[in-house]
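Two complexes, one shared chain (subunit A), two partners (subunit B, subunit C).
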Partner chain A sequence: MTARRRILGLDEKQRFMIALIAPAVLALIAFQIVPILAGANASFRDWSLHDPQKTWVGLKNYLHVLGDHDFLTIVLPNTFGFMFASVGLSLVAGLMMAMLLNRRFAGRWLVQTVILLPLMVAPVIAAIMVRWMFNDQFGVVNAILGLFGIEPLAWLTQRWTAFFAILLTDVWLWTPWFTLLLLAGLQSLPPEPFEAAQIDAASPWRTFRYITLPMLRPVMVVCIVIRSIDAFRTFDIVWTISGGGPARATEVFSIYAYVEAFQFLNFGRGSAAAIIGAIIIVVFAMLLYRILNRWVEVSK
Partner chain B sequence: MKWGSTIMRRSLVAAAVTLAVSAGIASPSSAQQRELKVGYMKNPIQDASLDIMDKWAKANNVKLTRVAMAYSVFMEKVTATLTSGNDQFDVIWHNDDWGQLWQKWLEPTDDVSGMENASKWPLDAFWSDQKKMTVVPMAHTVGTFFYRADLLKPEEVPKTFAELVSTGQRLQKEGKVKWGYVGGMSMNNTWFSLWWSMWANNCDILKPLFERDNAKLKAANYDPAIAEPCHREIVEYWWDAINTHKISPPGMTAYGRNEANAIFMAGEAAFTLVDSTHFGEFNDPKRSRISGKIGMAPFPVGPRAQVPTSWNEIWGWAIPKGVPADRKKLAKDMLGFMMGDEEGQIEMWKKTGGPPPNVKLWDKIAAQDPDFRMLKHAVFDQKPVTHSAYYFAEWPAVHKAYSDAVIGALSGKREDIGKFLQDNVEKVRRAAQGN
Partner chain C sequence: MTRASRVPAERSKGFFEALAPGGRRMLFGLAAIGVCLIFAFPVFWLVLTALRPGYAVYYVHRGTDFTLDNFLEVIVQEAVLKGMFNSFMISTLATVISLGVTVTSGYMLSRFKGPIPNTWFSLIYVFRCVPYVSWVLPLYFVTQSLGIFDTYWGLLLPHVAVHICFFSWIMKGFFDGIDPSMEYAAMIDGCSRWGAFWRVAMPAAIPGLTALAILCWLYTWNEFLFALILTSHQTQILTVVMAQFVHELGMDWHLMSATGVLALGPALIVTIFGQKYVIRGLKV
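Here is the complex of A and B:
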């Protein structure tokens, strides 16, 4: 038996493994790591997009963002409020639909297909549709309300009604995603506990409360963490429906960073805002994961 | 073996000869066909201007490539291209809104033929620090007060803010329209309600009023005028128009120009104010119910002014500095042709409603075309004329701070407007100072 030839201390199997992951690692470095480092570099510099001086300014951009009253009192509360509301509502609606689709009934395949349709719509297209649906003159929402004698509303001119339109769009877009994952989770649950519950004549609610929900928690944790991170950085639907208005009332973190970087062309400040947002969401995701993990452990 | 290598050698020689001959045949035309890439926004006026340039391109064996970009990303994308110094575009769309931001990245255009026929006023935004011009005008973009000519005779068109309310209400009561006035108001649509009325009430965003000299504005510490009585009056005017007189839709504070135009084109509003460049769209029977029923008139005047005001700006074309010298020359020749093509410019006006960049043509067109005569009277003949933006780097931030302040004031109670504007004075000032 001949000894395997080693290059740079790696045997053939190790080299093959490296060759397999190399393209993905290179893509990650080129399209994730390098832009993040470039953005981080810009955040410490006086870097306007139209006239990049690139002089070192230390933490000036960070201090500006963290000292911005609107960032602290409007943007962050809006971002977290949107995230909690959207994830919470999508989770509940997704779970309800998954429970429904987990039962056998005529036309189930059709309902499954229809429910998944929002996943096939680009968020920006959905947002444009919603903006017109909530238009106070031409919108279908006011037209329907009018049938019940309700006065037309100028939805996008007030904070909470505009926020409602944005939230509704996001929930509509993401509920199918929750449905899909939770349905997969439901279908993978072992049948024995449910059969035992049936023998014990447990009510459907108690079966759901004490068997389905605890067993589904690991899937729900993954869904909540992934979707929370995603909701934190939501940009397209807010930008299209309200532009962060009226008067910044629906502005979220990603709009703040975008406006600084690409409307005011202050790339340094926009990058600082983006890095601050990234740190916030990393810390938040870690905390959330620990809390939810504990919840899963307790449920075991 | 020897036979095989001979065959191989002969084959290689034959292939080389074939390649050389075919390259020789192909090279004259491909070497002569040069390419110019134009980065622009997809818009009928810009396409019409490019159609003029295309005539020159075809006659000079140049391939004109149009690279369309969305308005919402145009400035950001092209700014990044310019600062990187590459030659992705030979010609780009240029606008007074970002006139000063690009001045150091653009080739001087003083030597483009036909520039002497351009109006000088709208070029103010495009001078470089070295006192060189950096744009070639494509078409004028002017705020224009449109009215329903089928509902009102020219002499009945409102001349004051008060008449705008009374005439609008009368037409509403008669059931001829649902709304008196509709116009864009949200961020980046501020011109079409708040700003035209602000200038028409002899007011402005910063003090000294109507000053556009950056040194003087800086010396005045970028003092905002938004809490001044002349400005508070216009915010109260729009609050009343929406909530008290109800001549404007309740959702107007969130409208962009698309929503406002849709309402006007549906025949549901008597008046609007938007860029003249929308005149063609309003008269397109496939898209508009009021095609052929639109008149243009001078802006109604506020209580603090005696005569109508107007603004007069341009869309233009510019050449990035990073473009190689030979293509710069080609681009200048092409733009010079565009400036000199009277027939093409008249055609552009007829097709799109874009007023030609050669102002010497205006009287000629006005003599033949009643629509242009109307536009000329409504806008170009009105004095004083103002600039519809400021020309310093922080202008986008000032615009945003202003918009947030005024939309916030309009979203609250009428009695709080004065305080709300006062509370936002420092925000506008800080935006102008880059803080």
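Here is the complex of A and C:
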């Protein structure tokens, strides 16, 4: 090729690269980065929604959130507890489902469709349904427990039972997602190691432990990272099932930010809480990525 | 309750016959049935509640009165019909636009090295982590100042922005799995860079794109938070209409459930016909 024409100091290849990402970059700037900056701006100001002074108050909102006893002792432990429990349980359940569906058997298509059902249900419908099923007077859960002679429980008005209902919903909703990705991962594994294991008469458990699991690790790492981030910012199911209640006992950090902004009508403080959460999860996600990445490479 | 569990056995006699020889087979079959029951139960309960007349809804597990009136009552409401239409339009358009925007971005991340792709990848990784609450609230003001609040664009474009980070990442994976040497060969034969992307790489990525399109459609169809904050009467989608049911009519569980079942219908069709492509497409 002859000398490349340069426009704006970019050669032809660089211009191609920029043209490829330009639409995505523009949409990202307009509808994500600009709003985030607007929120960050509000977090440094006295911005109550009923009387917006918009005066600069520095770090006052941040200090208030970080000094809030509820935020430190309830919201943060809830958020992290929810994240670990939800990701851990749905990973294990999803792996089991994927192993089940990776076999050939009559009726597999139907089982697979049923397992994918939660993927089709809007989280908000699922959450309303869970509220209905766990209703203390008319709910089916108490009715079933009643058959076994167990006293009806007021599920959604106690901290741990409400938390359990939320966790169960989240695991139910997200297990199919893990199943899909892990099943796709399982089906793309090469058959040779499994044939070798069969020839060596390895037990199913050992085959799973020493062949399937290590080979699935890259897929699992991506799943865990993506799902952890999503679980950290869960909003709709918690909001619909318990609203963060009883009192503020099941609040996670998204609810905290929303409540600060729209129930206590302090947009500045809500934005500060949202930014603090964002910083925590970005740092956490980077650490997680590093750790899991190393773990994958070591295992190779 | 047992309908979901019985069908696999009825569908093929081989299933039950096969159970007889080994205990392991038996156990496996029971596990499959149990799993189906657990996964289907909330949906089963939704359908059952939707079929109960209003006076019996509080004792769903007692009595045998069933009716289809709830569906009739719901479907004649203008808000529900409009919500369904809006949901369908927005999900479809958001899917087309999101994929169109991110397929090039993923291709770029996969095929090039250097400062530009690295910066872009770090950006999408970081912005993927930012919680929705910290941008959906200011986004309300942004769409209003752009004059697109309560129009299709006002909900579509934020949805596209939601998908950019995740989809670019996944698309990169798809293109990583496709050997680039065909594109180099095409370019040596005089194909332009765009031509190599469009005529060579794109057709190879179609299975992945199909999988992502189905997941994207389902996600947008079911989405609630953005739809709640960024829509008013013109563009309300079905999930928002349904949540209002519970509010306005004071917990009309049977009507809410009927709307829920209606919302489930299209998603069910998409999943039943799409699951094969999803699993095939996600295999990188």
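In this text, the second predicted complex is superposed on the first by the 280 of 300 C-alpha atoms of A that agree within 3 Å, B and C clash if a C-alpha of one lies under 4 Å from a C-alpha of the other, contacts with A are read in each partner's own complex, and residues count from 1 in each chain.
In this text, contacts are C-beta pairs under 8 Å (C-beta built on N, C-alpha and C of every residue); 3 or more make two chains touch, one makes a residue touch a chain.
The model shown is predicted, which means the values in this text are computed figures rather than measured ones.
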item	value
Three-chain arrangement built on subunit A, subunit B and subunit C clash or fit	fit
Partner chain in contact with A:Gly245 - subunit B first, subunit C second, else both or neither	first
Partner chain(s) touched by A:Ile33 [first = subunit B, second = subunit C, both, neither]	second
Contacts of A:Gln158 with subunit B and subunit C, given as first, second, both or neither	first
Contacts of A:Thr55 with subunit B and subunit C, given as first, second, both or neither	neither
Between subunit B and subunit C, more extensive residue contact with subunit A	C
Which of subunit B and subunit C A:Val130 touches, first, second, both or neither	second
Partner chain(s) touched by A:Ile226 [first = subunit B, second = subunit C, both, neither]	second
Partner chain(s) touched by A:Phe138 [first = subunit B, second = subunit C, both, neither]	both
Angle, in degrees and to the nearest 10, that opens at subunit A between the C-alpha centres of subunit B and subunit C	80
Subunit B versus subunit C as contact partner of A:Gln263, first or second or both or neither	first
Touched partner set for A:Thr73, first subunit B, second subunit C, both or neither	neither
Three-chain overlay, closest Cα atoms of subunit B and subunit C, distance in Å	5
Shared subunit A contacts, counted only where both subunit B and subunit C touch the same residue	137-138
Subunit A partner contacts - residues on subunit C that touch it in the complex	4, 7-9, 11-12, 14-15, 18, 28, 31-32, 35-36, 39-40, 42-43, 45-46, 49, 58-61, 100-102, 104-105, 107-108, 112, 116-117, 120, 123-139, 141-142, 157-158, 160-161, 164-166, 168, 193-194, 197, 218, 221-225, 239, 242-243, 246, 253, 256-257, 260, 263-264, 267-268, 270-272, 275, 278-284
Subunit C-facing residues of subunit A, complex	13-14, 16-21, 23-25, 27-28, 30-36, 38-39, 42, 97, 100, 105-107, 110-126, 128-130, 132-133, 137-138, 140, 143, 172, 175-176, 180-181, 183-185, 187-188, 226, 229, 232-233, 235-236, 240, 253-254, 257-258, 261, 267, 270-271, 274-275, 277-278, 281-282, 285, 289
Complex interface listing, subunit B residues touching subunit A	76, 79-80, 82-83, 98, 101-102, 104-105, 178, 186-187, 249-251, 253-254, 259, 262-263, 266, 268, 393-394, 396-397, 400, 403-405, 407-408, 411, 435
Residues on subunit A engaged by subunit B in the complex (per definition of touch)	48-52, 64, 135-138, 152, 154-158, 162, 242-243, 245-249, 259, 262-265
